[in-house]
Every structure is written in structure tokens, then in C-alpha cells.
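Down below are the structures I want you to see.
You will see chain A twice below: alongside chain B first, and alongside chain C after that.
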Partner chain A sequence: MKYESILSQLCEELLILTKGRTTVGENTELVGDLALDSLQVMDLLLLMEDRFDISIPVSILPDVKTVRDLAIQVEKLVSNS
Partner chain B sequence: MGIFDKYQSLKTTRDELDALGIDPFSVKIDRIISPTEGIIHGRPTILAGTNNYLGLTFNPECIAAARTALENEGTGTTGSRMANGSYSGHRLLEQEIAAFYGKRDAIVFSTGYQANLGILAALAGPGDVVLLDADCHASLYDGCRLGGAEVIRFRHNNPEDLAKRMRRLGERAANTLILVEGIYSMLGDRAPLKEIIEVKREFGGYLLVDEAHSLGVLGETGQGLAEELGLLDEVDFVVGTFSKSLGGAGGFCVSDHPELDLIRYSSRPYIFTASPAPATIASTRQALRLLAAGKHLRKRLMANAEQLHAGLTSLGYTLGAPPSPVVAVVLDGKIEALQFWSNLLQHGVYVNLMLPPATPNGVSLIRCSVSAAHTPEQIDAVCAAFAELRELA
Partner chain C sequence: MNRIPDVTFAPLPTPTENSLPLRRADFSTLAEALDYAAEGETGANFYSGSGKLATVLPYRTLRIQSLVLARRLLSLPIERGARIAVVAETNPDFLRFFFACQYAGLVPVALPASANLGGHEAYVAQLRGLLKGCGASVAMASSQFLRFLQEAAKDLDLAFLGTPADFEELSEQDVELEYSRPTETAYLQYTSGSTGFPRGVVITQQSVLANLFAVVNHGVDMRPDDRCVSWLPFYHDMGLVGCMLALVASQRSIDYLDTRDFAMRPRRWLELMTTTRATIAFSPPFGYDLCSRRIRPDDVAQYDLSAWRVAGIGAEPIRAELLDRFARLLAPAGFDPRAFVPCYGMAESSLAISFSPLRQGVVVDWIDPDELAENMRAKPSDHKSGSGFVHCGAALPGHEIAIYDNQANVLPDLHVGRIKVRGPSVMSGYFGLPEQTQMALSPDGWLDTGDIGYLVEGSIVVTGRHKDMFIINGRNIWPQDIERIAERQPELRSLDASAFCAPGPNSEDVAVVVVQCTLNDSAQRRQLTKRLHREIHEELGISCVIELVPRHTLPRTSSGKLSRSATRVDYLRRREQDGSSLSMIDSTDLSDAALSGSLVVDWKLAKQAVPTGSGTPFGLRAAASPD
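Moving on, here comes the complex of A and B:
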């Protein structure tokens, strides 16, 4: 699956999660810009796991700051699955 | 950039609390009177948020056992279990807990937090997979992180979601460690253990049940949820704490797996910390005997839980779960919850304030925990305070 498709689906989930309060782009920070707390970020992983039928270990989170960071991680896991 | 820059948002939150004049995280009990009463801010206060489920903290037999150990064995062990910190009492307690559960062996840790840290860090290392319920306690998350296993969450109390994630793991599912709790600490709800075990039977793996809040509370002899459901044989590891129904401090893990003993040699939270003080071990051993024989205490505890649950329900509050010793009132927002908690304290009732992200689904909770030592009159008084504050909720 292409990165752009993953990014687009991730942005969709974030818009739902944030109830459309703000715009979401590649450089949007999950905590800094969207004010997601640690539990919400982990819940986002559950949604992405089901979207792409993959397992996402929570240990990726220290490497995830922006929407792009998460999209890259998902892309890696999708390509390995 | 300084090392304290990351604390800026925390400082902002703290400043907001200061502006409200409410500090729910620094409550000082000026004087503890009994398992259910204390003096806070100079005011007699009913303690309804202490996890003192069986009310054993002032039990004369436990106090006498602790006093004897204190006088005979000193104030502390000054060493870890692996060095000079294992006295005969530590090993006897392990044997007694193992016998209580009918399991092969047990390990005692210095706190309940360290029990989870110590077991998970040793059990689930790099290359292993842990599947944990999303609402599991922070100690289980932290133990997984310390061990370095691949950690995947499943939706709270959702066996189908667990099965879906097990399926994705393919052959790796057979070596997966599944983590659930007997009673979840925030809402007081129970794990659907029978259905979780059915998933384990289908895909393989190991099951660890944290009975921290269900030890002494559920089951004929107080072993917890697994005993109540007759499923203890299906559980690979039971962990628990001495700091709630046993009224002490410390934690344990029991298991039939003969390898449990080997964990002592690789568990850093076991190796690199001082062992529990002799007085703590002695009071815990006595409390365990009382717990096992404490059917009457469990009966009173559940009667109190049902009285509080029914009282708050009749007042129109939204509660987190069916009756259990943890009765969580769901409120709309953080500020409302803060104010409510503070007003309860002014009415002479201490409970716990729980805010996101420590709570599931972003809810704010007024969390009560009931004790067998509460009198019906005290429960009535708690309900009366909630009734007076009803308009704020």
C-alpha cells in the first residue's frame, strides 16, 4: 500500500478523533498540535491496526511525533505483513 | 533547551489547580483513626477511597504479629532478596501464598507495582509478544516496557478484539502472554475471564491475571475472579498486592510453571531492591489467614458495595460498572470533577479523583472504594454527601 493512501486514511481517523476541530496534515504533531493524550494516541493505534489489518506494537510511539512519523511506521508494518 | 522544559505543560496544569485552590494529589491525612476514618484539614472524614477492602489495617492480630516481628527481627532487612534480605518469614509467606492458591510456587516482591514490573520484565523479553487489555494498570505497561517485548493492546474487555489480534500474529500467538485484571481499578468492572480463556484455548499462549483489586474480594476463599469462576487452573500466572485487602505493602506472583523460580535470577525489580520489612511480612502472613477465612468480611464488603451503588444510582449518578467494591461515578468534565471532589472533602468524605489520561475513554471519575469495615451509617453518610452535591454533577 502506498504511503499517500496510508496518510490519507490516518488523517481521516484523526479528523474523527478530534471531531474536526483542526486541520490535519503530514507535519501535524499528535500531542503538540492535536493535544492528544497518551491514551488517545494508543487508541489511534488500535484504529490503524484494524484499518490495515496489522499489529502495531506500542513501542513505536517514542519514534512518533507527527502524522508523518506514524504513517511511515504503518507503511513499514504493512509492507512487512 | 533544559531538562525541565518537558514539564512546562504539567506546570500549566498545576498552576490551573492552584488557581482553583484545589490540590487533589497532595492530600494529607493528618491523623488516621481507623480503616474508615481520618482527620483531613482538621475535619473528621470518612475514608471511602483507600482500597482497604477488608479493613484489616487496624486488625489486632495483624498488629501483634507485626509488633513481634519488629521487636525480634528489627526495622528492616537492609538488603535485597538475592543478598541478605530473605528471612524465613519471606520464604514462609511465599509458601503460604502458593498453598493458598494451590499453585506450585510463589515469589514475593517489595510492592505490587514491582511484582508486575518484576514478572513482566522477566517473562516478556525482546522477541516475545504481550497482548494486554487497553485498561490494564500502568504497572503492567511499565513491566512490558522494561522487558522489551512487543506490546499490542486489545480493546477493553473485548475477547473478540483479542482474538482478532491473536489471529494476526499467526504462529507467534502460541507464545503470546495475555494480560487482564480481575477487577479493573478505575471503573470496578471485571474481566470476561471465561471468554478470554476460550481465546487462549483457540490460539495458545499464556495468561496472566492481575488480581490486585479482586484478592480478598471475589471467590469463596478470596483468591479473586479466577476462583469465583472456577478457572484458576487455566491461569498461568496470578499477580497481586498486599497493599489493598491485606492491609500491608508488597506484591506476589504465583504459578504452576516450574520455571517461576528462575525468574528470581533475572528480574531486576526483584534483585535490585530491598526486601519487605519483617513487620510487613508478619502482618501480611496474619492478614492472609484472616482473608482466607474471611467469608463474613466479603459478605459485608459486598453488602456495603451494593448499598453505595444503589444509593448513588437512586440519586441519578452514572456509575462505571455493576456493584463491586470500586464504585466509580462518571462526571462530565475535569473542572466539574475537581470541584465535586473538593466539595465532597469539605463534606467530610474522602474519595479518589481520577482524570484523563489515567481513566478510560477520557472520562473524569469520582472513584469510591468500599471497605468491609464501613458501617451502614457511614455508607449512608457518603450517599448523603453525594445527594447534597447532586446539583453540581
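Moving on, here comes the complex of A and C:
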């Protein structure tokens, strides 16, 4: 699956999760900008896992800050699965 | 020796029934406990996020693999009692390393395998603090966590660091193993204390076996047909001692879910309880709450929880109404509310201090909040106007609980004071921290728990903490950590931040930090707020309400320290008085689209829930302390 497709689906999910209160782009910080709390982060990971049929390891999270970081990780996991 | 494969073909979980006669934790060391368990058929089973059985680890196999690993560890230039730090994911390797240490006379230390989104630096700093704190000689992480561990261990003098596969390269020493002896240290347990000042609790074989004996016999009354499910992490005392060692020491099978998988899909816990016909599971109140929020009524019909006879609750203040909701929701699945067993305990006492009687369920004391706050008395009140606190049962056999005032007098029943405990489960001290140890442990063996509460007919009731720690979404949060993050910002200086918790939406606790600064420019204020919010989340994994106030606003104590409790009272007063006109962050931030996330939501909801006072354990008034 292409990065662009993952990115747009991710942005879509984030819009739903944040109830469309703000715009979401590649550089949007998940915590810094969207202020997701730990339970919302879990919800987001769950959505990603279910939608792309992947398992996101906990160990990648420390290096995910922006929407782009997460999309890149998801792309990797999708291509490896 | 060839490594015995983890997975047999078409894996079946280890059985519940065991041909081996049940011995209820009457061992003198953990190694001896595993030696006995290895004679039977039971063991540990690990499930993947998709709910599939990934690995079956019979205790028999665990013993053989741990013995091999023990001989490999002894090839390293380390002394007896050296600390072996292990990033403790929920997988068989943690158990192998833990018991290899038992067989080799080494001391295992579980490191957290949990980091927050974007929290790379904070996680590495935390691991480094722990490696240094315990003076680790050896460190292990899976290939996924290795890079963090390597970064954390940079320039530290370790004899070996690697993945489980790296340890397999070590040569087995052909020596007779000297198991860890009853008076030797069984493990170090890092308390979920402030990340800035980690404290490693030293637990001897005698201590942990004393606790296991009490828990297995008195606490849960272990039976031959018992089986356990757990999603608690091994770097937590309830996960390590309650949901791992207790099962080995009573030769029962256990089924493990990864903590993160549970947090994402809490229904898996109940699905697994159903399929395995599990009889025992423990969780902090947070876990029961998460389930009740996520379970759909349609799900309930699929569950059969009728075998669940011990639903242990501990590690956090217990709110009865949450448990009630869980029980009502799952009653159609056969869940019996009398299965609830509220407990009290802490790593400093190996694990447990008290257990409620089995088959009793949750007993709530309704007490007068004014009497509690003003006179430190538990005066019975009615359901409507009282604060509800849960009975956590009597001290385990062989252990004592006493309530002390600040002048070291023992208080009678229904008088609120410091909870102290004494008995064979109590720690030897904090590793390498004689001053901290001296503050916590008296010469005659009383451990100051850091909690406050009262006794009623022998049962302990916890009403609060005289330590400042609070708990958000199951995480222990120390205000010092939030303040430290605030005060390192270039705009701020030391003593500019005061953190505490306050009632939020649905009356659960939310973290609040009041920050004083001289910034007037709204863009700068917004920038500071946003940065603070992000850094607190990266480091501590929680959202924090941030209030900016002018300099010289924060109240101080007579000795010049910031007073968190006075700041909290002021904050709540401002919140109540100013109502909608008070901005949590500041009014310009509220209009900023980029910040319109949960900070604002938190605030709006928090306002709706401003102290109802009554019926809200750990609410405003109940936070009174004897200090």
C-alpha cells in the first residue's frame, strides 16, 4: 500500500477522533498539536491495526511524534506483513 | 544442550488440572518453588494481540531453560548477587531470565517496557536512571527494545548487554549451581515512584515467600482447579508477584495478555477468562473501568464468567461505583459481584498487606466528609451526604497494621492517620538509599506506607495519601515530575510550578499544573502551554491541565516551599468562583485551532464536575492529610 493512501486514511481517522476541531496534516504533532491523551492514542493504534491488519509494536511509539512518523511506520508494517 | 522449542505443534495451553499435589507456597526460595512446579504439567501461556495462543511455557520447560541460562550467566565476570536488568515485556524470556537469576544467585530487576508516544528521550533517561540506580552488571532487552537499552547504557560499565539470542552465545559453565538462599535478595522491585528518583525495593527470598504463602493460603485460598488470567506487566508488583510468582509457587496455570493489547482491546481479557474458565484475575480499578466503558451489551452474551471466583482489586484507590457498574454490566455473563476482593498492598511489602474476605464483595464505608477533613475522624454518615471508602480487609496472618498520628501515637478505630505495617513480607530497604530506607522503616520494623486511613473492626480503609502521588488512567504520577518538566522551560525558573490532581469529568482525577510566569504576549503564552503539554505527555503519558498565572501567585509554606495543597485549594476556588470566565490555559489559547483538542475538553468537562463533595471518594475534602 502506498504511503499517500495510508496518510490520507490516517488523517481521516484523526479528524474523526478529534471531532474535526482542527486541521490535520503530515506535520501535525499527535500529542503536541492534537493533544491526544493516552487512551485516545490507544484508540488510534487500534483503528490503524484493524484497518491495515497489522500489529503495531510498542517499541516504535517513542519515535513517533508527527502524523508523518506514524504513517511511515504503518507503511513499513504493511509492507512487511 | 539444544534449546527446547517454545511451541509444540498445534499448541494447546497448559492444563488447569495438575497431576502434582497442590503445595500452597510452602517453599523457602523461589528456585525451590519452580523445582516443584516443574514436576507437573501446568505452566504459563502467552497470547498475541489477535487473541491467538502464541507461546506455551510449561513450568517444566521453564525450569530446564532457566537452568541452562543460569549456567550461561555464570560465564560472565560478575559476582553473586549482581543485578541483571531485564526490559520486562510480557513474554517467556522475562520468566527465563528471572528464574535463571534464582538458580544462579543473581538478582533480577524488571525494567519498564512501556514508553509514550514521542517519548524516546524520556524513556532512555528512565532506563538509564534504573540501570544506574540498581548498579546493573548485565542488561537484556528484546531486539525491539535493544536500541533504547543500548542508548541508556552508554558509558555505563556493564559486563554484558544483549538480546536473548546474544545470551545463547555464552558458554554454559559446568558448575554446580548455588541457588539464591532464603536470606539472599530474590529481586529488586522498582516502585512506580517519581521517574526522577527511582527507588528499588529490596525483597529477600524469605520476604517474598512469606507474602506468597499468605496470599496463596489466606488471600485467594488456592485450589487445585484454579487458573489465572493476567494482563498486568511484570515490572509492576501485582504483575510480578501476584500474577507470576504466586502461580509458580502454587503450580497453577496462567494465561497472559500483553498490557498494551489489553489497553487497546480490553474485551480480550474477558474473552480469555471465558475460554479458559479462569477462576482468578487481578486488576487495578482502572482495568475494570476500561472494560465497562468498552463492552457493548451485545458482547456480554458471549462471555461466561461464572467460574471467576476471585476478582482482585488493588494498586489504586478503589471507587465502589465503578465496580458496581462492571458487576451490573456483566451479571448476565454470570459474573458474581461477591467475587470482588478489594486488597491493599505495595512493593515495599512484597505485594499484599491485606485481603478482603473471600465471597464478601465490596464493602463501602460512608463517612462524614467534614469530620474527615477537619477532625480526621471516620464518622458514619448516610449514603447521600457521605464519602464512600472501600474496606480492604484485615492484615494478612503474621502481619500487623496500625494507624499512627504525627506524634507517633497509635490511634484507635475510626481515627484517621498514617498507615504503618509490620511483618515478614516487609522489604529490607531501598537499594543503595540508606536515608530513604530510614525514613520508611523504623528500627522496630514498622513500614510507613505513605498512605493515610483508618481501621474499622480490624479492616483497613485507605482514605488518601500523605505522599503527593496521584493516579491518572492507571499511571502513578508524582507532582515533582510535572513540576520538573515545567521548571526546565526557558521562560520559567525554579519554584514556578505547582502540580496536583483535581476532580475531572465523571469525578475521576485529572492532573493540573499551575504555572506562574511573566509572559504577556498571547503567542508566547500559547507556545509555552503547548510545549508543556507535549513534554508532560511524552514523559509521563498523561494529559495535564495547565493554568498560567502571574508571578507571585503560588502560595508558599512558612519554610518558603511551594504548597501544593494550598495551590490546589486556590485553583479550585478560582475554578468555582470565576466559572466560565476563568480560562484554564488562557483565553487566547482557547480560540487557537491547534489547541482545541483535549485540553479544552478536559476543562469544560472538569467544570461540570466541580466538586460534588458527597459520594466522591478521593474528592476535594477526602484529600485531607495529617500533615
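A few remarks follow.
One rule holds for everything that comes next: the second predicted complex is superposed on the first by the 81 of 81 C-alpha atoms of A that agree within 3 Å, B and C clash if a C-alpha of one lies under 4 Å from a C-alpha of the other, contacts with A are read in each partner's own complex, and residues count from 1 in each chain.
Heads up, the rule we're going with is that a residue touches a chain if its C-beta (ideal position, glycine included) is under 8 Å from a C-beta of that chain, and two chains touch if they have at least 3 such contacts.
Predicted model, so just to flag it, every value in this text is computed and none were measured.
Considered on the superposed chain A, chain B and chain C are sterically incompatible, since they clash. In the overlay built on the shared chain, the residue A:E49 is in contact with chain B and with chain C.
By the document's definition of touching, neither partner reaches A:M1: not chain B, not chain C. In the superposition on chain A, contact is made by A:D33 with chain C only, not with chain B.
In the overlay built on the shared chain, the residue A:P57 is in contact with chain B and with chain C.
Greater residue coverage of chain A by touch, when chain B is weighed against chain C, goes to C.
Look at A:I16: by the touch rule set out above, it reaches neither chain B nor chain C. When the two complexes are laid over each other on chain A, chain A has residues 37-40, 42, 45-46, 49, 55, 57-59 in contact with both chain B and chain C.
Of all residues in chain C, those touching chain A in their complex are 48-50, 113-120, 123, 142, 144-145, 148, 260, 263-265, 473, 475, 530-531, 533-534, 537-538, 541-543, 593-599. The touching residues of chain A, counted against chain C in their complex, run 18, 21-23, 29-42, 45-46, 49, 55, 57-59, 61-65.
The part of chain A that touches chain B in the complex is made up of residues 37-40, 42-43, 45-46, 49-50, 53-59. By the touch criterion given at the top, residues 134, 141, 145, 150-155, 164-165, 168-169, 356-357, 360, 362 of chain B touch chain A in their complex.
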